[in-house]
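Listed after this line are the structures, all set down as C-alpha cells.
First chain A sits with chain B, and in the next complex the same chain sits with chain C.
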Partner chain A sequence: MMAFYFSRLVEIFPFFLKGLWMTTQIAFISLFTCTILGFVLGILRSGKNRIIKWLIGVYVSFVRGTPFVVQVFIVFFILPEWGIQLKAFPAALLAMGIMGSAFICEIVSGGISAISKGQWEAGTASGLTLIQQLRLVIIPQAMKVILPPLVGQYVLLIKDTSVVSVIGVMELTRVGWVTVMRIPEGLMVFSLVGALYFVISYPLILLSNYLERRMAI
Partner chain B sequence: MIEFKHVNKWFGKLHVLNDVNLDIDPGEVLVICGPSGSGKSTLIRCINRLENIQEGEIIVDGVPVHDKKTNLTKLRADIGFVFQQFHLYPHMTVLQNVMLAPVNVKKMSSAAAEKISKEKLTQVGLTDKAGAYPAQLSGGQQQRVAIARGLAMSPKIMLFDEPTSALDPEMIGEVLDVMVNLVSEGMTMCVVTHEMGFAKKVADRVLFMDFGKIIETGRPDEFFDNPQTLRAADFISKILTH
Partner chain C sequence: MLDDFNFRIIFEYMPLFLTGLRNTFFISIVSIMLALMTGTIACACRISSIKLLRYPAIAYIEIIRSTPLLVQIYFLYFGLPTLGVRVPEIQTGIIALMLNSGAYIAEIIRAGITSVDDGQIEAGVSSGLNYFQRMRFIILPQALGATVPPLLGQSIVLVKDSALLSLISVMELTRCGQTMTSERFMPSEAFLTVAFFYMCIYFCLKSLADWSQKKLIFREAY
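Showing the complex of A and B:
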C-alpha cells in the first residue's frame, strides 16, 4: 500500500512543485517589501518625531502581540467589511507585509540604536544631511548588527507563509492538506512538504550562521 | 566672527547657558575652561547648532545660527568640530574619513578631495596612515585624524571640545602641537580645555564658566596668575594640583 501511495505521490509531484513555486513567490515578494518597509519604519522609529515613534510602536506591539493566523484572518475577512475586497493571494502578501515589516522594523531600529550618538554628531557637524548621515555613516555600521537577525527573520518569514494556507492560497502547506485527503499517508506527504520548505530555507540558515560568525569578529 | 547676544538655554529646568554674551574676533584663539557640567560643551555646540537655544542670538560670520532660514549645511561646512571622543567613522579608512565631507557636502570630485585630504593628513603628521582604519591607531593619532577631517573642509572656524581629555598623557603633546600649528595659520579657534600650557602659549583670551555663566574672561597669563574671582581661583588651584 505504501508503495502504491508513494508512486501516486510521485505522480502528483508537479502539484507540489506548483505549491513550492507559490510559497517561493509569497516568501520572496514579502521578503523584499518587508525589508524596504521595515527599514523605513525602523529608521523612522529611531528618529525624533514622537508621534511617529509612538504610532510605529503601537503597530509593532500589535503585530507582536497577536498570532499571525489572526492577522491573516483580519486582512482577509475584516477588510471586506470596510469595502476592501482582496483575493487570497494579495491578502496573503498584505498580511505577510504587515507582519514581516514589524519584525524587521524592530531589528533595524535595534541596529541603529547600537550606533553611538557621536557618529550622528560627527556627521552633523561636518554638514552631512540626515539622509547622508544614515546612508554613509549609520546604516553601514548598523548593518553589522542588523544582518544576522535579519536573515534569521527571513527564515521565519518563509516558514510563516504556511499560515496563509488558511485562506485558501494554494501554497505548499495547502498542497499538503489537499493531497492528504487523497493519499492518507500523512507522514509521507508532510515529510515531502517539510523537505520542500527546507530546500528554500536552508541556504538562508547557512547564510545566517555565516554572518553570525563573521559579524562576531 | 562669532557673536553671542544674551543667549539663554535650558535643559528642562537646568539653566545651562545663563545670559551669555561673547564676541570672538577673526583669528582669535579663545580657551574656555570651568568645572565639569558648567556648560562649556553646550556653549560651543551652540555655535554650529548641535544644540538649539531658547533665547538670544548667535551670529557666525554674519549668519544668525538659530534662524529658521539659515542653511545649516553651509554653516556647518565652514565650522570644524573636534570631539573629546574623536568620533571617527570606524568602518572607513583614515583617508575616507577625511574625504567624506568634502565629497558629499562640498561636492568636490574625489580626486580634488583626495588631494586636500592628503595635504591635511600631512599637516597633522599622518601621511603614512591614510589606508589604516581608526581602530588601528592610537588615541593621539585618531584625534589628529579628526582634526584633519575638520580641516579638509577649509573651515573658517575650528571648535575643540576637550580634545585631549580622552588621551593618555604621553599623547597629549602631539595633538596640542597640531593645534598650535593651526594657530600660527591664523585659524579662528574656540578650545574647551584645561591645558594651561596650551592656553598660556597661544590663547588670546581665556573664558571661565560656572553654572552656565561666564564668570571671568582675561588674557591667559592674567587669568591663571591673578584670577579676579574666588571661583576662578579655586578652579585654577584644583587643575594645578590635579
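Showing the complex of A and C:
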C-alpha cells in the first residue's frame, strides 16, 4: 500500500511544485514590501515626532501581541464588512505585509538606537541634511546590528506564509492539506511538504548564522 | 466602520470565550513545561561530545527551525493515525508545540551556557570559592540572566503559536472566534474579542520579560 501511495505521490509531484512556486511568490513579494515599509517605519520611529512614534508603537504591539492566524482572519473577514473586498491572494499579501513590516520596524529602530548620539551630532556638525545623515552615517553603521536578525526574520516570514493556507491560498501547505485528503499517508505527504520548506529556509538560516558570526567581530 | 459593533453578542458568547481562554492557558502552560524539558535534553545532547547524541540533536533542532509549525502540526495530525496512534487533537497539538518550542529553547539554553566565559570559572576557583559558591555567585547569575528573558520571549511566541491548533479543531481561543463567526456571522466582534484576549496575555508576559531583563541581565561594572 505504501508503494502504491508513493507512486501516486510522484505522479502529482508537479502539483507540489506549483504550491512551492506560490509560496515563493508570496514570500518574495512580502519580503520586498516588508523590508521597505519596515525600514521607513523604523526610521520614523527613531525620529522625534511623538505622535508618529506613539502610533507606530501601538501598531507594533498590536501585531506582536496577536497570533498571525487571527490577523489573517481579521484581514480576510473584517475588511469586507468595511466595504473592502479582497480575494485570497491579495488578502494574504496584505496580512503578510502588515505583520512583517511591524517586526522589521522593531529590528530597524533597535539598530538605529544602538548608534551613539555623537554620530548624529557629528553629521549635523559636518553640515549634512537629515536624509544625508541617515544615508551616509547612521544606516551604514546600523546595518551591522540590523542584518543578522533581519535575515532571521526573513526565515520566520517564509515559514509564516504557511498560515495563509487557512484562507484557501493554494500554496505549499494547502497543497499538502488537499493531497492528504486523497492520499491518506500523512507522514509521507507532510514530510515532502516539510522538505520543500527546508530547501528554501535552511540556506537562509545558515546565512543568518554566518552574518551573526561575521558582524560580531 | 464599526458603528454597528454589537457588544451584547460578545457578552452572550463570553462563557465560550472564557472556556477558550482557559484552554489556551492550559495548552500553553503544559506545552512550555514539556518544551523546557525537551529543550534541556536536546541542548545537553547538542553540546555533548558523543557524536551519537550530538548529530541527532543537531538534526532535530535544524529540521524544526526550518519548517513551519503548521506543517509540523499537520504532520502529526495526519501522520500519527497512519502509525496506528490515535490520540485526541489537543494532545497532538501539545506534542507539536512541545517539539517546536523545544528546539528553540535548546538554542536559547545553549546560548546562555556558552555566554559564561571559562575565565569566570577559573577566577572563581582561584578566589578560593567552592563549587556551590561558584554556582551561586558567578555562574548562575550570568547564565540565568542570559536565559530567562529569551525564555519568556519564547513563551510569548508559544501562546501565539497555540492559535494554530484551532486548525486541527482544538477548542482554544481562536477556535471560539471561528465558532462564533460561523454561527452568527459576526467576524468583527468575534476576532477583535479574540485579539483583545491575546493582547492581554501578551502585555502580562511582555512586562514580565522586560522586568526580568532589567533585574537579571548581568552588567559589568564600568
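For this structure, a couple of remarks:
Here, the second predicted complex is superposed on the first by the 217 of 217 C-alpha atoms of A that agree within 3 Å, B and C clash if a C-alpha of one lies under 4 Å from a C-alpha of the other, contacts with A are read in each partner's own complex, and residues count from 1 in each chain.
Simple rule for what comes next: contacts are C-beta pairs under 8 Å (C-beta built on N, C-alpha and C of every residue); 3 or more make two chains touch, one makes a residue touch a chain.
Since we're looking at a predicted model, the values are computed, not measured.
Once chain A is used to superpose the two complexes, chain B occupies space next to chain C without a clash. Figure note: vertex chain A, arms to chain B and chain C, all at CA centres after fitting on chain A; angle 100 degrees, rounded to a multiple of 10. Measured by the number of chain A residues touched, the leading partner among chain B and chain C is C. Of the two partner chains, chain B is the only one that A:Q141 touches; chain C does not reach it. Once the two complexes are overlaid on the shared chain, A:G194 sits against chain C while remaining clear of chain B. In the superposed model, A:Q153 makes contact with neither chain B nor chain C.
In the superposition on chain A, A:W82 makes contact with chain C only, while chain B stays out of contact range. Within the superposed three-chain model, A:S208 lies out of touch with both chain B and chain C [touch as defined at top].
Once the two complexes are laid over each other on the shared chain, residue contacts for A:T66 go to chain C alone; chain B is not touched. In the superposition on chain A, A:E185 contacts chain C only, with no contact to chain B.
Once chain A of one complex is fitted onto chain A of the other, the partner contacts of A:A122 are limited to chain B, with no touch recorded for chain C. In the superposed pair of complexes, A:Q132 makes contact with chain B only, with no contact to chain C. The minimum CA-CA separation between chain B and chain C in the overlaid arrangement is 16 Å, rounded to the whole angstrom. In the superposition on chain A, no chain A position is in contact with chain B in one complex as well as with chain C in the other.
Every residue of chain A that touches chain B in the complex is listed here, in rising order: 116, 118-119, 121-122, 124-129, 132, 136-137, 140-141. Residues 48, 50, 72-77, 79-81, 83, 85, 87-91, 100-101, 104-105, 149-150, 153 of chain B are the ones that touch chain A when the two sit in their complex. Contacts from chain C toward chain A in the complex involve residues 1, 62-63, 65-72, 74-75, 77-83, 160-164, 166-167, 174, 177-178, 181, 187-188, 191-192, 194-195, 198-199, 202-203, 206. Of all residues in chain A, those touching chain C in their complex are 61-62, 64-70, 73-74, 77-78, 81-82, 155, 159-163, 165-166, 173, 176-177, 180, 184-187, 189-191, 193-194, 197-198, 201-202, 205.
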